[in-house]
Structures are given as C-alpha cells and as structure tokens.
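A, B, C and D label the chains in the order they appear, each numbered from 1.
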Amino acid sequence: MRIQGTLLWGLLAPALGLMALFYVVPLGVYFLNSFHLFRDGRIIPVWTLATYVEFFTDPFSYRIIGRSLQLAVIVTSLTILVAYPVAYALHTRVARPGVRAALALLLFSPLMVSVVVRTYGWLILLANQGLVNTLLRAARVIETPLTLLFNMPGVVISLTHIFLPFAIFPMYSVMGKLDLTLKEAARDLGAGWWDTFTHITLPLTMPGVVAAALICFTLSLSAFVTPQLLGGGRVQVLPLAVYNSTVEINWPAGAVAGLVLLVLSILAVRALNAVIRRLPGV
Amino acid sequence: MRIQGTLLWGLLAPALGLMALFYVVPLGVYFLNSFHLFRDGRIIPVWTLATYVEFFTDPFSYRIIGRSLQLAVIVTSLTILVAYPVAYALHTRVARPGVRAALALLLFSPLMVSVVVRTYGWLILLANQGLVNTLLRAARVIETPLTLLFNMPGVVISLTHIFLPFAIFPMYSVMGKLDLTLKEAARDLGAGWWDTFTHITLPLTMPGVVAAALICFTLSLSAFVTPQLLGGGRVQVLPLAVYNSTVEINWPAGAVAGLVLLVLSILAVRALNAVIRRLPGV
Amino acid sequence: MAPDAPSRGAEVEVRAITKRFGAVVAVRSVSFVIRGGEFFSLLGPSGCGKTTTLRVIGGFEHADEGEVAIGGTPMGRTPPNRRPTNMVFQRLALFPHYTVFENVAFGLRMKRLPEEEIRQRVGEALELVQMPGLAGRKISELSGGQQQRVALARALVNRPRVLLLDEPLSSLDLKLRLQMQEELKRLQRELGTTFVSVTHDPGEALAMSDRVGVMDSGILHQVGAPMEIYERPRNRFVANFIGDANLIDGVVQGTDGDTVAVRAGGVVVRARRAGWEQIGQTLTVCVRPERIQIGAAADLPNAFRGRVEDWAFSGSMVKYRLAAGPVRLHAAVPYLNGAPLFQVGEEVAAGWDPMQAVLVPTEAAAPGAGGGP
Amino acid sequence: MAPDAPSRGAEVEVRAITKRFGAVVAVRSVSFVIRGGEFFSLLGPSGCGKTTTLRVIGGFEHADEGEVAIGGTPMGRTPPNRRPTNMVFQRLALFPHYTVFENVAFGLRMKRLPEEEIRQRVGEALELVQMPGLAGRKISELSGGQQQRVALARALVNRPRVLLLDEPLSSLDLKLRLQMQEELKRLQRELGTTFVSVTHDPGEALAMSDRVGVMDSGILHQVGAPMEIYERPRNRFVANFIGDANLIDGVVQGTDGDTVAVRAGGVVVRARRAGWEQIGQTLTVCVRPERIQIGAAADLPNAFRGRVEDWAFSGSMVKYRLAAGPVRLHAAVPYLNGAPLFQVGEEVAAGWDPMQAVLVPTEAAAPGAGGGP
C-alpha cells in the first residue's frame, strides 16, 4: 500500500525544514566566515582565501590534523579490538539470560551517564594522586606516579570506553544475521574452532566491523568534551581548535578548521563505505 | 557451535576490565564525594549526608531538576513527532533510490559534524543580528528581534535536530519488520488510509517509538555541550550543575547532582522498558 | 466438487490485462471470465503471474493495460477498500495485536456497524469455520490450522461478492492441507460465493476447483474443468505441469479411424486423433504414466518391449522408468499387496489404449497463446 | 531403489539415545541400526525428533542417555570435525563468500591436502553432481537445484563413511524435488556410501529409501522397508502418516481361515488375520483408499452399500468420500478417460479384498513403543 506522494512529502516537510533551516543554512553561513579575515580582534567581511593560506602554511595546523587522525585511528582500532569479542560472546549466547542481561546493562550503561559525570570520574581515577597511581605505588610497582591525565593515553582510554557500545551495536547486529548453520557446516567439514572463526565468522561479520569502525572513527574525529576536559589542553585536536578560535572571536580560523574536520569525516565515511561495498556477501 | 566457557570469558575479559576499571570504579569513587563536605573552598573528607540535605533543601535544586525534565520531555516529544513521519516515509519507500540516498545522507549527516561546529552554526543563525531575525525584519514580520539564543527554544531546537537520527534509527528498524501485507489486509477489509494507520501501523510500530523515546530522553537529560554553548548560562540543567560545581572544586555538590541525574536516567529507562513490555506483539 | 454449481453468469471479467514491474512483464494480455458461484483456480509455478492477476482483481495492483470488471462494473482504479472483494492472504496477515474476535470484527467496524450486529455476525462467521469459543484468544495462541480458519472468517464475515485466496493452504502441512481443501469446497458450496484461488499445487487446483486456469511466464495457457485440462492439455507446458506426463516427440505417419500413428525413434505409437494433425507433421504424443500398462500389454495396438531402468514405491503406486530404444517412459502401476514387481534390468512389454493418449504441438508455446474461455 | 544394495553389516548403531531440551524430551530412548551401503530415512512430522536424532549421529548434539557407534566405534563426545560423517544441511549452509570451487574444496583444505589433489577431487565431485564448468560461480548466482548439487558435492568430496541429509530437498519445488530424488538414489547406488536422510514427506521416504524409520513425539514407531511399513503399519500413527488410510474401529466377531470379521457400527468388515487379535477385542481395521472398490463390488466378501458424499479429481485418481451408516470411507479409484463417475448423493456398493486390509491396535500408541530392530 502506497500513500499519495503529496501526502508523503507533507509528512517529510517538518523534518526536511528542520534540517534545512537548522543544519544546512547555519553551517553554510558559518563556513562563509572562512572566506573572511580576522585582524586586530575583529572579523573583516572581505572575500579572501587568506585564512586558508594561513591555516595551510602553519606547521601547527598539520600537527593538529595529525593528532586528530592519530587519535581517531588509535581509538577506533582499540575499540574494535575490545568490542568484537564482546559482540561475539553476546552472539554465541553462552551466557545464561541473567548473565547476558547484566552484561548488556554494564556495556550500554555509559550511554545513560552524562559525559560530564563520567569524565570527572576519570579525573579521580587517573590523577597523579588518583586511585590507579595510589594502588600501584602501594603495591610498589612504580616509584613515581604515572602521568595518565592531560595526555593522549587518558583521552584514548576514555574515548574507547565511551564508544564501546556504539561499536558493539553494529557488530552484534551483523552477527545476529549470521546463519549459525554456516559454522556447523564448517565444523562438519573438518574445521576446528580457529579455522571456523578465521574462514567463516570473521569474513562474514566484516560488514559489522567496518560499520563500527566508521562510527568510531567519525565520532573520535569530532570528539570535543573528552579531549577538552581530560586532555588538559595538551591533546590539541581539530574540534578544540574550532572551539578555541571561535571563543577568541576568530571565526574565520574556526570555520577553516571546521571545514577541514568536515572534509576529513566525509573522506573517512567514503573510504569505509567503499570497503563495505567490496566485502563478500554484501 | 559453542566454544568453551573458559575461552569465551577470556574473550570478554578486556571489555569487562575496561568497564570495571574505567567506569564502575571511577564513578563509584566520584560518587563517594557526595558523602564528603565542601567548606571554605576545599573538600573535607568526613562522612556525612550534609551535601544531600543541602541539595534537597535548596529550592534551586528542584528548579534545575524540573528544568532538566522539562527539556527532556519537550525534546523527546518534538523529536518523535518530527522523526516518525520521516521513518514512515523512508519505510514506505515512495522515494526513488536516489532520492532516498539523498534523504538518508541529509538526515544522518549531523552525526558527521562535530557538535562544536554545529553549535556555532546555530549561534550565527539564531543571534539577535542573525539570519532568522534579519530575514524576519526585512520581511517586516517583526519589529524587534526575537530572542532565540541563550534560552530554551534554541536549546530545544538544536537538541531535536541532533537527536533526529537517533530517533529515526529504531523506528525505521521496527517499521522494516512490519509485515506490509497487514496494511494490505486492513485496506482489503475496508480501512482507508487513516484507519489503516491508526489501527495497524501505529500500534505495531509503538515499540520503535518507545525505544526512540528512551534514547532521546536519556540523551536529552544528560546533554551538556548544547545547553552550555547555546543556553548561555540561562538554561540550567543537571549536567551543567555537575560541571559548574566541579569546576568550583565543589566535588561533593557535583557528585550529588550527578547521582540525581543517574537516578533520573535509570527511572526513565525502567519506566519506558515497562511500557515496551506491555505493548502488543512484543 | 459441485458439478451442479449455480452459474450466475460473468461475475469477474478479466479483459486483456498486462502488468509490468520495471522491465519484467508479469502478466501478458490475460483474459478470462469467472462465473458467479464458481470455484475458480489460477494454477502455475512461482513467478508465473497468477498472484499478480489475483492482486489486480483485488485492487492491490493496477493493470498497465486492460481492465477488470466485477459484477459487470468496471473497477478502474478503485482501491481494495471499495471493491466487493475480500482476500485471504498467503501468509494470512492476521493482526497480531488483536484477538480472534477483533480480527474478524475489523471489516465490520470499518463499516461502522452497530456493536450488536458485529457481535452476532462475528459469532456466525466463527461458527461457519468451526471455531466457536475461541473468540477471546490471541492470534499467537492458535495453531496453523486455526489461524487459517480465522483468516477465512475475517474475509467471509464481510459477505464479499468474490473471495480471493492467495495460496491459502501453502503454510499448512500435508494432512491439514488435504482436510482444509475439503472444507474450503464445503464452505464455497454452502455460501454460493464466487471463490478465486491461486495455487502452485496442481493436486489442490484439480481437487477443489470447478474450473482451472493454467499460467506460465505471464501467459494464460488454458482454462477448463479439471478433467478437461488433465485429459486434453493444449500444450506441453500444461501437460507437464498438471500431473506427470510422458511426452514423446514424433512424426505423423497416418491415421486409422479415431487414432493416429506417430513414429518416434524407431517405435510407432498411437494416440487419439486431434483433428489438426497432418501427415508428416512433427508433434508430441502425451500419455499419462497411470495409463501405461506393463507386463501383459502385448495385445494392445501399440505395444512394444522395454527395459526397467529404475523403480520407486509411492504407496498406492509403483513407478517404473522404462527404456524402449531412444524413448523413455514413466509408468505408474497400481500396487496391491502381493502384486508382481518388475526388477531393474527386466524386459517387459508396455503399451496403452490409443484413446488414452493425446496430441499436443511440439513447440513449447501454445498454438493460440493467451487462452481464455 | 536398489533391492540388491550391498549389506555391509552395522554401519551406524543408535543405542537407546534420549535427548532433552530443557523440559522437552525431543528423542525418547530410540534404538536402530543402519546397515553399510544402505539408504536409510527417518520420517515423521515436524518436531518428531528426527532431525535431533540425525544431529546426534553427526555430533552436533550430544545425547543425554545412550550412545552412537559408527563403524563399530563408539563416538562419545567426538566433535563433528572428527567424525567420519558429512552433512547436507536443510538450508544447504553454503558459504556465501566463497565460489562453488572454494565451497567444495573447504573440507579438503581443512585436511591440508596438496593443491593438486584438491583441484582434482573437487573437479570429480562437481562432475559427479553434474555441475562441471560452474566452479568459478558465486553461490548467489546459482539456481536452487544447482545450490543443492553444490551442497551434495561439498559433503561427498570428503568421502564420508556416512552421509547425513537433513531434509535435503525441502527447499525445492515439486518437479525439481522428484528429479533430485532420482538423482540422490543414483548417487547413493554409484558410490555405495551409507545415506541417512531425514524427511517429513512420506512419498520421498518411500521412493528413495531401502529402509524407513517412522518417528513421532520422539518415539521411533516402526522401522522397515517401504512396502513393509505401508502394507503392515504397526499402529494408527504409522498407518495414517504413510499415505492415506481408512481406520475403522470395531470389535472382533470371529475368524474364518486367513480373515477376521470385525463389527463396526452395524457393518461387518473383514481383514487379514494378524495373529494377536482375540474375539471380543476392540481394534482398528486399516484399509488403503486405493484398495477399496466401488460400483461393482457386490460380490466381495465384505461389500456394503454407501452414499457418495463428495468427490475430488486428483489427476490419476478420483477420490470419493462415502458414508456407510456411521462408517466414513475414502476410496481412490483410478480414473481413465471416459470412466464412469459417481455423483454426490448416489448410492454405490463398496468393498475390498479382505487380504488387503490389516489390523492395528486401536490405542494411539504402539504396543511395543520404542520400536527398532
């Protein structure tokens, strides 16, 4: 049953309007600033590529871009490595219903706690006088406290933790569609556990892995709160550059950084989509 | 095919460790602060309920809680109202593949743009001298500029926009499982478009609606960046209270507010889960 | 089967309808007439266009060309909710969130009938399908057969002029399917409603219908009473699809009274004259396996010797595969306890009464493709 | 069917296995022996435990009680990859990300055979199932029948002692299913491999198997050659499940030579003596519809008059439903062109040769339930 086209577009209108008015237009206007100039603490509305030239001739820009990509790659890899076994375990359903429910609650609970609350939790845990260092020193494993805060490791660990559910979701969903008799067939044909995993399960769940990678990579690239609060200004990534520039009323520089961020995201999405399309059985 | 329990728990260990070490423990430690005291700019490690008493006797706390719940309810309702027709339109597949792909890209693109960039886009759009007011004044619809920024409407609109994809996803997924012949059967039995929708489509897609509501409500409740940047300090919600208290080194007050936030989230999840369980056909 | 089914004239007229899905032509210029009070079946393999034809009648699809008239009124683009038809869907399409009662009542509620009348008519409909007392059940609590009955009651309670059934029994297992076939026939005879059924099961079509239309690749090959299409298939497709058939290609040698002699690879076989055959023409002799006699067939006009290649027991029959030179035959012999069996490799005599074999054109397509009444 | 199939002694021994899933007992103390080189079928309705039994043999499930021995070796908890069996799965379970070649080669690769040998054996296996030249195809590019053949080749290439087939033909449509039945029989005979098949289709089991085991509710009711279980069903379930059966409950009145007279609601019917019947005992006479003669049956020892309630044409047969007092009979009469038909309401004589009717116990369960040789 199909309803009339007119009625249908009527149904879509509020959403499309909202998207156009509050997404495309403001972004466009914001990005227009990138063609303006920032001098002596104010924006000069001339049309110029000067801000772009400044950005791309400043070595610091490349360090920020590199840092952003590095963070995204590390967080994505780590998240997938931790999340895949979890999705696999949930999928094979070894855990009894009670155990599974507890696991699911534990894994998806981060989504329920405000990022602010969580981030302050980590501050306590990872600080020089924090729980981890106190325990390690009490156990005489280390002498001087490890620097876990206001640097990459802290940001990486916390982002990995936040993105875990986002990575488990798509992989678990793809695994749910995996025909379990394929694994039985492999066993029947003489494959042990490892051969079954590498020849059947892993290749057939790759679409889920790539989807998870896509989500994690994009989210890492544009993560703002965690690098701001846990990075302590020492983890300079693009979203922070956007924020800092804009706070200093240097909207042109912020807009250029924002555009670079958008382009990187789009490139990542396209690359991973191309990978998905080449996977078998898709 | 089931693999051995030992091996399986081995697979789960990294994730469980990460969750325990970087989620349960820090949150627990952070929340322990709620039993301490903050006096004269420093934390006094005594064990007391004084901070709780202060929080729950201060009328301002209830205003913050009320404001948080109000924001969550309004944003959730608005998001569902806008997202349902979109999911429905995508589901009925009236749009040609090209149109559908364009729609999907438009709808899910907010996830690709850093929240910081997006928020600054809105600043431009909604400011007193911004695009909306300029256009409205040029068209002589209004005389004095509308206040769209640093108040509830701005925060509500931008959160609705951000959560749109999160609401469309579960509803679209439930609609995909809807047997289309049920709609044909209703038509065959004499139901027009509206009767088919109210008697068949809507009741059978309610699980998706409730799941979307759950996600939007929880996310709205703990939203931080948008209220901070677009609310201009005038939209006082719980995550901001946590942030502000903690920035002022008043960790006990922050912890209490954080706990209240967590409890509210859990209650919301439980309530909506109970609704889901009572829905027909689940 | 009710050979004395009341004929109320043309109830459904399908006039040269064609339906395309993109580049695929699902139905090609199909015409036929369904008489009032008749049990009509559209039969064919999956993808033959039978379900599309049914959906065009029901208003779920619109024909690209041609039109459908019900009770003499052209339907045009009338939507399903304003047609005098009701459908029993292939997967039943019962509303999972309603009880049995609410499912059956749905159509009456849409007509805004008074509660009293709804209650009474739903009760009657449930009795008609032998499901009284289960009105309060949830759909998920019913067995497959019970769900089938509810789907029937939900359609019949609206007293449609024409009931459309889309593979209504395909989800049931064998025993239940046979039982429901009998019940559908009983219902149809009791109510006098015109039934139009779609099925891929030749046995079901033959057993239930007053008339059958055989379709393939969007073409209606033949319309006729069950015995007619079984006895006198118009072409190879119909012969092969309805039951098992031995199709022997050969050249007409001559005629002799009612029979015609056909030479097929060294063997001469005889069949009933069709009237259109000509000497020297290449055509196909169609003979049903159960009409072939083996063992004591030496005195039949077209007996020959063959070797048993294989045999299989099917319960009531033993099916032999015979090789007679280049010709391969399937023969189905009734099996009685203690009946003699021929073994693989054994030489046997085989033959048939020529009046039990018919001629069909050799080419795959029908001579006057498009069929119709 | 190969009545001369080589019997190599007990190849698979199933010894009193019981399997529970939670509170449900899927298989109850089932024992039977499959001989080497035999085509054995487990037949029963869905949920009867036949697939569970097959999976226990293949090592996919472990029996809670009892054990399975293959080739004399108890299997214990040996996993599927170390058993001398291969399985053709119900939904084929072909690897969608591999080509036809890689699918068939999978088992050989797991054995780390040299590439040369793999290439050769895969080629042979594809020829065996008549699929040469398609080795490079993707699975999704194959038709249902071709996928079926690949699944067979993938299992057979490993040269298993025992090939397990789980409803191997259930996804194919009727014509293709009949063709694949013949081919499976041919393959089994050529290779001499022991085949164990599971099916819910009595026709398939009868046509393909050397011996059939009939299961229901986890119980093995009867094991025997196709004709044996059709002719001499051990109980009502077997009689009813294998083909159509008239089951007439009555009381034994007396015996007369080889036959026994049973009074059933005013009518006396005769059947072949079973040996265990006693005068005054309540039991059931089982007679197949195709063994009932109507019309000219007045001279049969147990002829009586009945009224035609309904009839249906099935192609080779006309099926009548007759009422003779309280007794209702199904009769299947061969249909030949021009054969006389009895109309609904007509009075006819009906009867059968008493030697064609057998006795079964009236109670639903078998006398010595559990069955097996």
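By our rule, a residue touches a chain if its C-beta (ideal position, glycine included) is under 8 Å from a C-beta of that chain, and two chains touch if they have at least 3 such contacts.
Note that this is a predicted model, so its numbers are computed, not measured.
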Averaging C-alpha coordinates per chain, one finds the centres of chain A and chain C separated by a number of Å equal to 59
Averaging only over C-alpha atoms, locate the centres of chain C and chain D and give their separation in whole Å. 27
For the pair chain B and chain C, the C-alpha centroid-to-centroid distance in angstrom is 57
Two or more partner chains touched - positions in chain B: 184, 187
Touching at least 2 other chains, the residues of chain C are 60
Could you tell me which shape the graph of touching chains takes: line, ring, star, complete or other? ring
Contacting chain pairs - touch in the sense defined above: A-B, A-D, B-C, C-D
Once bound in the complex, which stretches of chain A touch chain D? 179, 181-182, 184-192, 195, 199-200, 203-204, 280-281
Show which residues of chain B lie in contact with chain A when the two form their complex. 1-3, 5, 7-8, 11-12, 14-16, 18-19, 21-27, 29-30, 81-83, 85-86, 88-89, 92, 94, 103, 106-107, 109-118, 120-122, 124-125, 131, 157-158, 160-161, 164, 180, 183-184, 187, 193, 196, 218-219, 221-225, 238-239, 242-243, 246, 251, 254, 258, 261-262, 265-266, 269
Footprint of chain A on chain D - complex, ascending: 58, 60, 79-81, 85-87, 89-91, 93-98, 106-107, 110-111, 154-155, 158
What part of chain D is in contact with chain C in the complex they form? 1-3, 45-46, 173-175, 181-182, 185, 200-203, 206-208, 226-227, 230-231, 240-243, 288-291, 310-317, 319, 321, 332, 334-338, 343-344, 353, 355-356
